[in-house]
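Okay, so subunit A shows up in both of these, paired with subunit B first and subunit C after.
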Partner chain A sequence: MSSAWHIVDVVAVQEETATARTIGLRFPLPVRSLPGQHLDLRLTAPDGYQAVRSYSVASASPPDTLEITVEELPDGEVSPYLVRKLAVGDQLEVRGPVGGWFVWRPEDASPVQLIAGGSGVVPLMAMVRAHDQARHPAPFRLLYSVRDPESVYYRQELESLAGSSSGLAVDYVYTRRAPAGRPVGRLDARILASSVFGPEADPAVFICGATGFVETVSGWLVDSGYPPERIKTERYGGMGGTG
Partner chain B sequence: MNGWTGRPAPGGPGAGERGTGGPDGLGEDYLDGNALAGPLSEVFLIDMTSARGRCDSCGAVSAIAEARLYVNAPAMVLRCPSCSGVLLRVRRDGGQAVLDLRGFSYLTIDLG
Partner chain C sequence: MGIISSGFQGRRNRDDPGLPPGQHRAEDFPVLSAGPTPRIARADWEFRIVTETGTSRHWDWAAFLALPQEDITADIHCVTSWSKLGTHWRGVALDTLFDQIETTARFSLVHSYGGYTTNVPLADLLGGKAWIVHQFNGADLPSEHGGPARLLVPHLYFWKSAKWVRGLELTGEEIPGFWETNGYHAHGDPWREERYG
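For the complex of A and B:
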């Protein structure tokens, strides 16, 4: 069995929010990534102790460079290093991109409904970018639940895409603090129903966020008549931030 | 933590590896089977997390990606989302992967 791990170069870092950072990784060979896939990162301490974490790919259509966006978990073992210390010129050990379940496939012409809780927007952004780059005709809609305006990832790019003819619509739910004139409050079944493609449109649905967020939202959709097999979920284990 | 390096450990791949795919060590006590994609990619040529399996305990059918993955154990343990029965265990033993699939009656694998 050959090792699936390879060493990549950190070629870019960019602050996304006060607690999140996008990291560009250059691979030794051209790499293919499907929108929604993730990378496993393996870090090794001088004593040999290793930790492996999965991070969703945020970018689309690489030749040899992929981007991930990492949210810092305050007591985390790995994410504070990635967000605060890692620098251009460093190297990381990675496996992937991997995953074939939580993936948007452009050959599917269905409308696509994306639902993000906090940092769960990352793999959905890869789908948004792939959709835009392909000038894909399927209508896309993103519902993004986030704590406050400053916690929104990719804000300018999302505004630009939503204001263009790309076929993307974006709705925000602000759970703690909203821009002037916008409501504050958690996502509920009523807001959900008014912010997503209806079941009659038979959308492919992708939900990503913390476990509680994902299970609650998918439950509401099933109760509203969306077929379970049209709903794909990816749960972030801990404090991914449902907003 | 200070002192991380991206380079492999002197002991070779997998030496001392812990916490695979975790939520950075904290929070919820399980992940979903999506996080098995990397470990299983070292064994199978095609993505196995899209495979649908029938739980031998309760008969529920789900994709590996949808089941619940527990990583804070000597092996990674995948449990049925309906009955919590063990579906799959995988662990690394030196240069070998040890894969226990007895919790599935069968797996349906899309060959594309």
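For the complex of A and C:
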């Protein structure tokens, strides 16, 4: 299905934060994608050396253009190039979108609880956008844990959606520095319980972030009575595999 | 392929013979799972092999530890493109477990606590190719990495090395497992880049 490499055009780049950038990729043909999937991206250096990384899709509209958001990793091999050097007009090789598990399917009418740690918000934003574009009736709730206000991705769009009749509510947890009047501190089980749909609502839960974040939050939810089979997790790096 | 990124240099692992195509070296040990980590007490753990005729054999933790133990050093390759070279494990070879099994099945469906499954041909489990491991780098295997015990099939992509393993179902026909029904390859050989189905 998706094992072929495609050549795509970089049609847009936009800074999300000081260290993250959204990149628009136009495919030669419309692409089918499900919110939550990822792309494999392959770079080839002039001497033929190649590197492949996976990036979650952030947006899939219009249908021949996908957006990814890339966080620059301080010791990264590929992400500094994508965030600092890649320019509109460049071409890249991509494979996908792939993944059939960590995806929101609009035919599911359940309430949806999204929980993001840092750049883990990217595949969840694809779900938020698909939900909004479909004017889907399922209530959506996003809990977004982030270092400081400047590190929030998609800030204006999230504010606008949360203030509209889209059925999205957004809660932030600021771990290092908060806007005036807001608490600072790590997510804990009490804050979690007050910021998410309760187990009685039987939400479909999607958690994405660093390993420790995902392990901790999913453990709290299971301890609070959410069925494990309703909780889908993804750690940084694409496929929620079993590596 | 014709797309060269002129500003991209890359910097690691050029011509590294231990790395399959499209892989890069990870120094840490990323955790990838589809859902919450199951917590299984060793007192409750068992491993069971059910053959195609329905007969079965199982081992509890003490019986499992009483089997001959092997130390394994292996390179592991995750389909998300990281590889970790020279990892150290301790556990029981599938050959040892199959010494007590009568079967003509060609395939297995691996079952894990928590509901995960993956399919592996017996040809990839036997002949010194696969183990049920319970130690990593000399310490008990942490639950987020699959403890108490996981399958280790290092010559296939690491999603085949099922965490929290609880048993094998031997079958005449290949039954696709969890990732294999979610877009990933039935076999998963990293040297042939069998990533996606």
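In this section, the second predicted complex is superposed on the first by the 230 of 243 C-alpha atoms of A that agree within 3 Å, B and C clash if a C-alpha of one lies under 4 Å from a C-alpha of the other, contacts with A are read in each partner's own complex, and residues count from 1 in each chain.
Just so it is clear, contacts are C-beta pairs under 8 Å (C-beta built on N, C-alpha and C of every residue); 3 or more make two chains touch, one makes a residue touch a chain.
Please read all numbers here as calculations on a predicted model, not as lab measurements.
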(request) Label the relationship between subunit B and subunit C on subunit A in the superposed model as either fit or clash. (result) clash
(request) Applying the touch criterion given at the start, work out whether A:L73 contacts subunit B, subunit C, both or neither, answering first, second, both or neither. (result) first
(message) If we overlay the two complexes on their shared chain A, which of subunit B and subunit C does A:L221 touch? Say first, second, both or neither.
(response) second
(message) I'd like to know which partner A:R21 touches here: subunit B for first, subunit C for second, both or neither.
(response) neither
(request) Scan A:P46 for contacts with subunit B and subunit C and give back first, second, both or neither. (result) both
(request) Of the listed stretches 61-69, 97-105 or 151-159, mark the one in subunit C with C-alpha atoms clashing against subunit B. (result) 151-159
(message) Does any part of subunit A touch subunit B in one structure and subunit C in the other, and if so which residues?
(response) 1, 3, 5, 7, 40, 42-46, 49-54, 77-78, 81, 85, 90-93, 95, 98-102, 211, 232-233, 235-240
(message) Looking at the complex, which residues from subunit A come into contact with subunit C?
(response) 1-3, 5, 7, 40, 42-46, 49-54, 77-78, 81, 85-86, 90-93, 95, 98-102, 211, 215, 218-219, 221-222, 228-229, 231-233, 235-243
(request) Show which residues of subunit A lie in contact with subunit B when the two form their complex. (result) 1, 3-5, 7-8, 37-38, 40, 42-46, 48-54, 73, 75-81, 85, 90-93, 95-96, 98-102, 210-211, 232-240
(message) Help me check something: in the complex, which residues belonging to subunit B touch subunit A?
(response) 1-11, 13-28, 30-35, 37-38, 41-43, 46-47, 49-50, 63-66, 95, 97
(request) Would you mind writing out the residues of subunit C in touch with subunit A in their complex? (result) 1-12, 14, 22-24, 30-38, 76, 78-82, 114-116, 118, 144, 146, 158-159, 161-163, 178-179, 181-184, 195-197
